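Letters A, B, C and D name the chains as they come in the text, with residue numbers starting at 1 for each one.
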Amino acid sequence: MRWVIRHCLLAILVFASAASGAPSGTLTPPPPELPAPDQFVAKDRPGDSGKAILLTWKDPPSLPAGATFEARRAEPPAYEWTKVADVKAGVQRYVDATAKDGVVYRYELRVHHADLADTLGLAGTIGPAVVSDPVASHDNWIKPERMNSLVACVLFLVLLLGSIGMAGRGTQFFIRRIAGLNAVDEAIGRATELGRKVLYVPGILSPGDIQTVASLAILGHVARATARYGSDLDCPNRDPLTFTSARETVRSAYLAEGRPDLFREEMVNYITYDQFAYVAAVSGRMVRERPAANFLIGHFFAEALILAETGQSTGAIQIAGTADPAQLPFFVAACDYTLIGEELYAAGAYLSREPVLLGSIRGTDLAKAALLLLGLVGIVSATLGHDWAAALLKTQ
Amino acid sequence: MTGLHFDIGRVLLLVCFGIVPLVGIILGFFAPSLRRQLPLIVAFVAGIVPILSLYIPKAFLSAPGQGMSPRLDQYLIIVAGFALPLGVVNVIQLNTRKVGRGEKGWFFSLVLLIGLFVMGSFGVYGAFSGTGIGFLPNGAPTPFQWMTDWLFQPLQSTIFSLLAFFMASAAFRAFRARNVEATILLVAGVLVMAGRVPLFDLLAYPFPPLKPAAASLTQTMGHLTEWIMDGPNSAAQAGIIIGSALGAMAMAIRVILGIERSYLGLGKGD
Amino acid sequence: MSLIDRLFSVDRRWIFLFVMLAVAVPILFPLGLPVTTTGSTRAAFEYIESLHAGDIVWLSYDYGPSSAPENDPMAEAFLRHCFVKDVRVVMCALYPLGGLSLMNASAARVAREFPEKKYGTDYVNLGYKDGPEAVMRRLGENIADAFPTDVNGTPIEGMPIFQGIRTIGQFKVVFTVATGLIGEYWITLVNAQFGTPVIIGPTAVSAPKYYAFLNSGQLKGMLGGMKGAAEYEQLLARAYPAMSEFYHRTRLFTGTKGMDAQTGIHAVIVGFIFLGNVAFLLARRREGRA
Amino acid sequence: MELFGTWIAALLTLAVLSFLYKDNPFFRFAESLFAGVSLGYYVGITLDQTLKPNLFEPLRANFNLNWDLAIAGLLGAFLYMRYVPRIGWVARYGLAIYVAYYIGVEFTRKINGEVLPQMARTILPVRGFDFGGVGAFFTSPAMLALCAIVGTYSVLVYFFFSKEQNAVTRPIARLGVWFLMISFGAAFGFTVMGRVALLIGRLNFLIYNWISPTFGG
C-alpha cells in the first residue's frame, strides 16, 4: 500500500513541478539513481513437475552495496502486483514455487535499497521496474540435468536385454567358479549325514530390498537341495512379507523336486519384527538345535556378527552373503564362505545355470567393461587436463 | 473444491492397481493361468513407475502428493503396515500349539505369548483410545511406553552390546597370518585398531618418560589409519558399491520383467 | 597339552571376561587419555564454523536406542555448536523405532543448557515421520508438505524460523546422525537431487562405507562413531572456552568419556590377536620340523 | 515405578549377558519375553505410527483428497488371502506390486546415487607426485588418485563372472582381492569402537543407575 501512496505522490510532484516550471533548486536533491536489473527473464522452471516459475537476471554493474531485488507478480489483465520475494544481490535467480499451473503471470523486478532515503522521506528507495513477458508454469517431460543418467540407463538396458535375448536364442554363456556356492551341496549333504537341520536366514529386510530378492532365489535352490536329500530346513524370519515370500518359495521348491510330502509350513516361520529380538531367538535356536549348516544370506545389519559368531561356536558350516559393505568384514571373519557384493546377485544364475540368467550376468559384465573403459579414457584425459568424464557422470 | 479428486495419476493408479487386480481375481477363478500372469504384468507396471518418474517430471508421474510414484510410495507404506499380522498369526499358531501340547519348552512359549499379548493390547488400546502410545498429557508414560523403556529397550541394547564380545572372539580367530590374503586382513585390522584409540598412550601409561614418544606414535598411527580408510579402503568400497549396484540393477530388471519370480513362489515354467 | 595347543583352543569365554574387565575398569577409574582428531571430523567442524549467525541447518535423528551411546553425543555436540554460533536448527526424526523419544530427550538436554534460545525462532522440533524416502522427496518441494506441524502439533507455517524458508534446498547443511540406511538416503536423494550439503554422523560400523561419499564430494564431513563424537567435542572445547568448561564438568555421558574404555578394549583385542598369531607361527614351525 | 523399572531392566540385562557363559533358562526366559514384547511393540507402533497417520486419519480427515488410499487398503487386504484355502494366489497381487515398486526405486537409487557418482569419483587426474618423504609421497594427490583408481578398478575386475580369468585379469583380480582384504580388515578394526560404545552404555546403566543407587557406593 505504501508504495502506491508514494508513487502517486511522486507522480503528482513531478507533474506539479513540470507544470509550474519551478526551479529545481527548491526541491531537495534527488537520491542517487538505483539501476534497473539486467536481462530479467521469467520462464517455466525446466525439468520440474510444475507449479514453479524461474526468474533470472543479472546484477547491474552500478548496484550500490546493500541493495536487494524485489520480485513481484501480477495476473493480467488486472495489474495487482503482489510481492513474491526479496533476493540478495549476487544470487541472480529466484524460483517462485507458489505459481498455479496454467495461470498466466507477469513478473516485475526492481532494485530496492532500504538505507537510501528518498525524496519524500519515506523509508526505502526503489529503482525502475523491469516487467517480464507473460509466463505460465507447467509440468515437463524431460529433466535436462538427468539426461546423462537416462542415457546410462538406456545403454545398460540395451546391453542387459541384448545379452538376455542372445541367451534366449540359444547362445551359451560361461560363468566362472564362485567359491561359496560350490559348498552349498556339501553343507547340506553334511547336515543330512549328521541328521541335523539346515538353517537359512534370508536377511532382515522386506522383499522390497533387492538383496532379499536375491536371497530368496538362493533359498529356492537350498530348499530344492534339502528336498532332494530329505534333510530338515528351518527358515526363521523378521520381515512378514519376506516370511510369506519365503514360504511360497520353499513350498514351490519342494513341489518342483516332487517331494511335497516333505514340506511342512513350520519350516518357514516368523519370529518378530525386532532386529535384536530376532537375533536373540535365532541365536538361541542355533545353540539349542545345533543346525549343521547355516546360510546367512541377504541384507544384514548389526545382527550379522552375532549370528555368525554364535553359529561358529556351534561348529556349523556357515555360508554367508551380502552386498552391504558394512557387514562383509564380519561375515568374512566368522563364516566359512562369503558371497561378496555382486557375487550375491550372480549366485542365482550360478546355481541354476539357467541360460537367461547367465545372459543377464553377461550383460552386467558388459556394462562393467564399458564403465571401466570410459573411466580409463577419462583418467588419461583428465591427467592431460581435459576434465569432461567426471562431469559427464555427475548426477542430480 | 468438493467431490473426489480425480487427477490423471490417481485414476491410472486406480486402474492399474485397483481395477485390473480385481478383474484379474475374478477372471482368475475361471482361467488359472491368469493367476500367475496377471500379477507379473501388474508388477511390471509398478516397477517401471519409479524409473520413469526419475526421468520424467510430468505431474501425473512425479508431482509430490499426487503423481503416481509419490502416491505409490504412500500406498506401500500402508501395505507394509498390513503385513505384520501375517507374522503375528504365525507366531500365535506355533506357540499356542507348543503350550497346548505341552511340548518341550512350552513354558517359554507361554512367556512369549504373555509378552505379546500384554504389550500388544497396550499398543492397540493406545492407538485407538486417543491416549496414544507415548506419554500422557501429564508427562507420565503410558503402560506401552513404560514397557518400552524398561523391558524392550534394555533388552535391545544388551543384545546389541553382545557384539563387543563377539568382535573380540572373531578377531582372535580370523586375524591369523595363514596366507597372503589373511595376512593383509590381519595387518590392516591391527593397524586401524591401533590407530583409532590412544593405544600407545595406554601402553606408556606406567612409564612416564615414554609418554611423548607414545603420543607422537599415536599421532602417526592416526594418520596412517586415516590414509588406509580414505585410500585403499575407500577404493575397495567403491568397487563393491559399483559392482553390487550393477548386479542389483540387473536383478531389478529381471524382477520387473518377471524373469526372476521366485519371490512369488513361481518357478521357471509358471 | 602344550602351551601352543592351549592358546589355540583358548575358550572364548576367557576373551569375553577380559573384554568385560577392559570396559568396566575404566568406567570406574577413568584415565583421561588424549584423543587425536581426524580430517573428516575437522571438515565437518570447519564447515559449521564457516556458517554465519542466522544461517539455518537441518538436524535429523536417524538412529534408534541401540546406537544411542554412539550417536547421542554427536547430535548434542552439533546442536551445542550451532547454538553457540547462533545458527538456527530444524530437527526431525526419521528413524522409526524410538527415534522420536531420543530426539525429544536429546533436544531437551541441550536446550536446558541454552535457556536464551527461543523455541520456534532459534530451533524447532518437527517430530517423527514415517517413510524417510518419501519425506525427503517432499522436503525438496515444500517442507510443510512433509511436516505440516511441529512435534507439539503447532503448524509450522507462521513460525519465525520458517520465514522465507520453503524447501530443504535453502538449508546450509543437513546433519544426519544415522544408523542403517537413512543416512545414505540423505546423500543419494537430498544431496543428489536438491543439492543441500550433507554431514553425517554414522555409527562406527557404517562409517567406512561413507568414505567413498566423502571423497566424491557428496559429503561435507563425517563424525565416525564415538571417536568422531569425542573429536568433535574436543574441537568444540578448543574453539569455545564455555564449551571446554562444559565438557569438563558435565556428568552426562559424552564421547570423550567413552574413549578410555575404548582404548582398553582395543588393547585386549590386539593382545589376543598377537597371542593367536604367536601360537599359529609356533605351531607351523613345529609342523615344519615334524 | 522407576525403581521397579530399573530392577527389571537390570535383571534382564544380566540374563542376556549370561548367554556369553552358556545358554541357560534365564537367557531363554529373557529371549522369549523379548520376542513376545517386541512383536507386541510393533503391533502398537504399526497401528499408531503407520496405519493411523497414513491411512485412517487421511481417509477420515479428507476423503475427497485421499479416497485412493483405499486401493492401498485393498492391496494390503489381499495379503491375508494367503490364509484362505484355494485363493491364496490372490495375495500375489499385493506382494508383486510391493516388491516390484520398491525394486524399481532401488534401480533408480543404484544408477543415480551409486554407479554414476562412484564412477565419477574415480576419474581423477594422476598428477602431483610428491617425493619429499614417505608420508608426503603416499598422501600426494597423484598417489591418492592412483590408489582410488587401482583399488576400485581391480575390485571391479574381480567381479567379472562371464569369463574365465586369464593371464592378464588374474593378477588384477588378485590385487582386487587384496584391496578387499585391506578394506575388510580396516573396517573390522574401525568398527570395534562402535560396538564397545554399546557395551559401555550398558555397563554405565548397570553401574550408575542400578548398583550405585541400590547398593550404595
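In the analysis below, a contact is a pair of C-beta atoms (placed from the backbone, for glycine too) under 8 Å apart; a residue touches a chain by one contact, two chains touch by 3 or more.
These numbers come from a predicted model, not from an experiment.
Averaging Cα atoms per chain gives one point for each, and the point farthest from that of chain B is the centre of C.
Contact count check for A-C and C-D (C-beta pairs in contact): higher for C-D.
Chain A and chain C have Cα centroids separated by 23 Å. A separation of 16 Å divides the Cα centre of chain A from that of chain B. Taking each chain's centre as the average of its CA atoms, chain B and chain C sit 20 Å apart.
Across the assembly, chain A contributes residues 146, 149, 153, 156, 206-208, 210, 213, 241, 244-245, 271-274, 276-277, 280, 302, 325-326, 328, 330, 332-333, 340-342, 346, 361, 364, 368, 371, 395 that each touch 2 or more other chains. Of all residues in chain C, those that touch two or more other chains are 12, 16, 19, 23, 66-68, 97, 130-131, 133, 141-142, 192, 205, 208-209, 212, 215, 227, 262, 265-266, 269. Across the assembly, chain D contributes 16, 19-20, 28, 30-32, 34-39, 41-42, 45, 50, 54, 79, 82, 95, 98-99, 101-103, 105-106, 111-115, 117-122, 148-149, 153, 156, 159, 180, 183-188, 190-193, 195-196, 198-199, 201 as residues in contact with two or more other chains. On the side of chain A, the complex with chain D involves touching residues 146, 148-149, 152-153, 156, 173-176, 178, 206-210, 213, 241, 244-245, 271-274, 276-278, 280-281, 283-284, 287-288, 325-326, 328-330, 332-333, 340-343, 346, 350, 358, 361-362, 364-365, 368-369, 371-372, 374-376, 378-379, 382-383, 385, 387, 389-390, 392-395. Taken in their complex, chain C has these residues touching chain B: 10, 12, 15-16, 18-20, 23, 31, 33-36, 38-40, 64-68, 98, 100-101, 130-131, 133-134, 137-138, 141-142, 145, 208-209, 211-212, 214-215, 227, 259, 262-270, 272-273, 275-277, 280-281. Within the complex formed with chain A, the chain C residues making contact are 12, 66, 97, 141-142, 164, 166-167, 180, 192-193, 195, 205-206, 208-209. Against chain C, the residues of chain B that register as touching in their complex are 64-65, 70, 73-74, 77, 134, 145, 148, 153, 156-157, 160, 164-165, 167-169, 171-173, 175-178, 186, 189-190, 193-194, 196-199, 201-203, 205, 215, 218-219, 222, 225-226, 229-230, 233-234, 237-238, 241.
Contacts from chain C toward chain D in the complex involve residues 13, 16, 19, 23-24, 27-28, 66-70, 96-97, 128, 130-131, 133, 184, 187-189, 192, 203-205, 207-208, 212, 215-218, 224-227, 253, 258, 261-262, 265-266, 269.
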